[in-house]
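Letters A, B, C, D and E mark the chains in the order given here, with residues in each chain numbered from 1 onward.
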Amino acid sequence: SAAEKFIIVASTTSTKNSGLFDHILPLFEKKTGIQVRVVAVGTGQAIRMAQNGDADVLFVHHRPSEETFVAEGFGVKRFDVMVNDFVVVGPDDDPAHIAGMTDAAKALEKIALARAPFVSRGDDSGTHKKELALWRAAGVDVVQASGSWYRETGSGMGATLNTASAMQGYALADRGTWLSFRNRAGMRVLVEGDRRLFNPYGVILVNPERHPYVKADLGREFIAWLISPEGQAAIGTFRINGEVLFKPNAMAVTH
Amino acid sequence: MTDFGSALGAALSLVVRLDPDLAEIVLLSLQVSVGAVFLATLIGMPLGAAVALFRFPGRTAIVVMLNALMGLPPVVVGLIVYLILSRAGPLGVLGLLFTPAAMIIAQVVLVTPIIAALTRQVVEDLWTEYEEQLRSLGAGPGRALTALLWDGRFTLLTAVLAGFGRASAEVGAVMIVGGNIDHVTRVMTTAIALEVSKGDLALALGLGIILIVLSTGINGAAFVLKEAAQRRHAG
Amino acid sequence: MTAPSTLPVSTSILPLEFYRVSFEAGGKRLIKDLSCIFAAGPSTIILGPNGAGKSLLLRLCHGLLKPSAGQIIWHGAEGRDPSAHQAMVFQRPVMLRRSVAANVDYALALRGVPRRQRRDMVAESLTETGLSRLARHPARVLSFGEQQRLALARAWALMPQVLFLDEPTANLDPAATHTVERVITAIHAAGTQVIMTTHDLGQARRLADEILFLHRGRLLEKGPADAFFAGPRNDLARAFLRGELLWRRPRDDTSDQAEKTENG
Amino acid sequence: MTDFGSALGAALSLVVRLDPDLAEIVLLSLQVSVGAVFLATLIGMPLGAAVALFRFPGRTAIVVMLNALMGLPPVVVGLIVYLILSRAGPLGVLGLLFTPAAMIIAQVVLVTPIIAALTRQVVEDLWTEYEEQLRSLGAGPGRALTALLWDGRFTLLTAVLAGFGRASAEVGAVMIVGGNIDHVTRVMTTAIALEVSKGDLALALGLGIILIVLSTGINGAAFVLKEAAQRRHAG
Amino acid sequence: MTAPSTLPVSTSILPLEFYRVSFEAGGKRLIKDLSCIFAAGPSTIILGPNGAGKSLLLRLCHGLLKPSAGQIIWHGAEGRDPSAHQAMVFQRPVMLRRSVAANVDYALALRGVPRRQRRDMVAESLTETGLSRLARHPARVLSFGEQQRLALARAWALMPQVLFLDEPTANLDPAATHTVERVITAIHAAGTQVIMTTHDLGQARRLADEILFLHRGRLLEKGPADAFFAGPRNDLARAFLRGELLWRRPRDDTSDQAEKTENG
């Protein structure tokens, strides 16, 4: 019966892998009887799925793409949900000596100077785009270095972290994935706190006028719950090892 | 090597406490793979046998195509099935995307060429022995087809098992068309991929061990049934 | 053993004409420009040394091989499919991987005999070839002699107008050979055309009305059996009958005697 | 269906302008798959034939295992090879992780059971015909092995092609041990997976088409060579 | 054709003893409690109707089948591997998918004959079986008679101490049969032990020193050929010789005559 009443949410692996959904969705389902089926894929793929009308709700973290999505009429409206941040992780011995720095761009510059291995997602995801912006800010041309110390893995956050840990290389990761990641093998957070590492998540209902199959009512109910005090509280109480992963911000930011 | 130890531990603990999530995932995996192989056998065997037996223009091209399609990339198949089943696609109205049915469809596309190509080879080899006798008895390629599939059944089992191997191991296609949705379309391979991306390599390996044990069990059962049948129909 | 009691009432698909037929395989001409007519009536035996092309000739007749040149015509076919009125016992018959009885049953089913009638026909043909007690055995484990009997049972059960037999008694014991010869005589008398090969000259004398003598793919002699056995016109045929068509001369040479004669 | 159209367009444009990245990726794909299949044939064929010919305790278990291992999940294989080759693993000193060599190793592990299991079936079927004759001539299973592999070579080609199909289509294992690193370990299948996750489905499909065309070409070449050889050694 | 000029000088692996040997397959006893001794000297021919177990018996002798009960002992082996001193021509010889010459060459290579010597031996054995002109042909396309000759060539080239022949002339033309018989006599005279089966009673008379008569897996008679052909003691053997061991009585019954006699 629950199978009758469900929505499909296109989201990113970083959100799903953190375990956030496992924490909040049962609360929502219990309350409304609506089952939420999360399909976690790359940001681009998630947006593409939503454009095709294969999802009812889009839940990703790349603001420019999200705004384009709404502007082109694929989505109804974007709502802020929560933020977390990116961190630069790297091997314990930190060959580029960036530990404790708070300027992410400077840190990357030092990595480039040290020609220490840096593992990039290289998959056009929100995280990847953020990383490229930081390199630009640092004035480093990573295209030149691709294949040498700069390694583009072309894969998801988890796979990239697996690669980084095996290579003992640096990487930019979202804190959620990092905290829930198990294969850290001698890696730790080296740089955090830069305001440029801010990572906002948005949620959008797929436009039912465009795709009549979209379960607009159920989708709206889900979005409403997410940004309601109850949903926000649920997000805020999700912790790993006592650490808060996502800061709810639906009420903080005004439109 | 601690990983391998903890993988075994993870596998054992999952099995010993009869983890209900695991049971659900295993069951769905079996449903999808067995269903897909069943349908692929139904399509691929007659198809492969027909290509072996009938002579028609373009036959060579079809033989080469069948062999080549054994190497259909799962991700591409997943993508194509996705585009067809997508709401924006031609069969979107069926609403099959992100359901086990979609996963079965994708795997049928993947496995059918394998079973067909291997069947073609087996039947073609048998045909060199049987052709004149069967034609003399009045069996054209059509009638010969069933006779040869029957006479080659013990050899053809290996073709089916090769198809089953592909289906049960495959992750790229079912991931795209199933979406690896918890409790809905999560199967063993997508669960393993998820654990890898979470960095929980021991759990991933543990699930892998369970999957391999499962498929060994199925292969063992197939072998025992075959041996029994073969003993009855000796020769 | 008796001949099948009912033969098809339709008119014969014979005569069968070979018109300048050649057959090539593996880059060699194996049947060379062969012309002849197999008319309804006389039972025909094809003789010739190993590798002469006897089996190829039977397979050409039976439509299993297509000539690379020339024509093969069933003059009596009149639009009917001639292959539906023929049967063949191969030199090495192939058994299907099923029981002895099922092998015969399958052949009958292919000819469209209804299931009800098949049971009795199968039982009868197995009895007539002494295979009854092996009916439920897998056909593939039979001794080769038993397999040859089964092939005969399978072919006879079809009650063909024309029956091709390729050394049908080569692996049979003396009594079985004797019985098979009796059956051949009987079914021929009842109207089935028999075209066969054998290396048993005694058998050829007993069964043949007409002899074809083949050598290295060439038809060297064709005529009534009596005349042939009394004294063939062809040298090679004469040597063959005397058992002298040896594969080489005692010592010192490379090519064989037959080759010399043929080219000379 | 616009996606399919633009996929063809993407494929054509990549090929026509001889995209150097594409050329690099295609070359590496071929190197990895062909290398892996070559090695897997070298190991799998004698192995499969040996299992077919020798009688030893536990043989049944090995036959079942070989069949089951046709269904080795690529992700699991990738993971195991990853753990072995990683710095912390037993062969970490070799520094092979994230190199084409690692990808070849992973694919050899995947493909060897396929070739071995299919070879076993082919050789076992031949052995029923040849056994008594070869034993009479004085060939034990060891000597018979080479004779049977030779006599079954045309049939065995299909087994090798099945292995090639698996290798060339596979993404899970090479992704993990190769890392899909641009200009280093990116192959066709990992590139396709990347484009999918980027949402560039047309490009992904275009690459898929190129991959299928490539493997069809290789299969076609194999077929032509086989036919020529078969015509020479007729029968 | 002449016998191989050099035979192994080592002492014979014979006599071969069967002690209460039974063989079962497919749930049936196919060889039943058979005891006998094959001594060096007389050439032995095994007679019996189709399915009697002649081929099974040869394969038991040759070590290809293991008895399910009883023992088979090569008394002269003295620690040597008896199988290295035997060869067999099968009722349906299997040809390797290589050329005619390579088939013989392979057999010699398996016995460890050095490559230099093999060439001549291959050429000689092909000449002796009339296959020289087919030497480079793929063996699998040969006619069945030619295949049987090739099997003979392959076995003779090995110069075994004991040669098993299973209906070796069944598909041969009369001249070839004649030649093969001469060779068998010659190699037997030169010291090779011949144990063979045939359905050609004339051939048996010409070649046999000793006869074994087998029926439904039982050894019913064993003795000197002269005595056997003059008048066998066993009823079934007598019926067999007269060509009367029919597979069924004219009408009305289910089991065959032989069965009755055997059980009676």
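In this text, contacts are C-beta pairs under 8 Å (C-beta built on N, C-alpha and C of every residue); 3 or more make two chains touch, one makes a residue touch a chain.
Remember, it's a predicted structure, so these values are computed and weren't measured experimentally.
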item: Mutual neighbours - chains that touch chain A and chain D alike; value: B
item: Contact-richer chain pair (by C-beta pairs counted) among A-B and B-C; value: A-B
item: Per Cα centroids, the chain farthest from chain C; value: A
item: Length of the line joining the C-alpha centres of chain B and chain E, rounded to whole Å; value: 49
item: Centroid distance [mean C-alpha coordinates] between chain C and chain A, Å; value: 81
item: Rounded Å distance between chain B and chain D, as computed from the means of their C-alpha atoms; value: 17
item: Where chain A touches two or more other chains, by residue; value: 41, 49, 156, 159, 162
item: Residues within chain B bordering two or more other chains; value: 89, 196, 201, 234
item: Set of chain C residues in contact with two or more other chains; value: 25-26, 138, 141
item: Of chain A, residues touching chain D in the complex; value: 41-49, 119, 122-125, 146-147, 151-156, 159, 162-163, 166-168, 185
item: Parts of chain C lying in touch with chain E, wherever the complex brings them together; value: 25-26, 48-51, 54-55, 91-92, 127-134, 137-138, 141-146, 148-149, 167, 170-179, 199, 201, 240, 243-248, 254-256, 259
item: Residues of chain B touching chain A in the complex; value: 86-89, 92, 95, 97-98, 179-182, 184, 194, 196-202
item: Residues of chain A defined as touching chain B within the complex; value: 3, 8, 13, 17, 22, 37-41, 49, 51-54, 156-159, 161-162, 165, 180-184, 211, 213
item: Contact footprint of chain E on chain D as seen in their complex; value: 129-130, 132-139, 143, 147, 150-151, 233-235
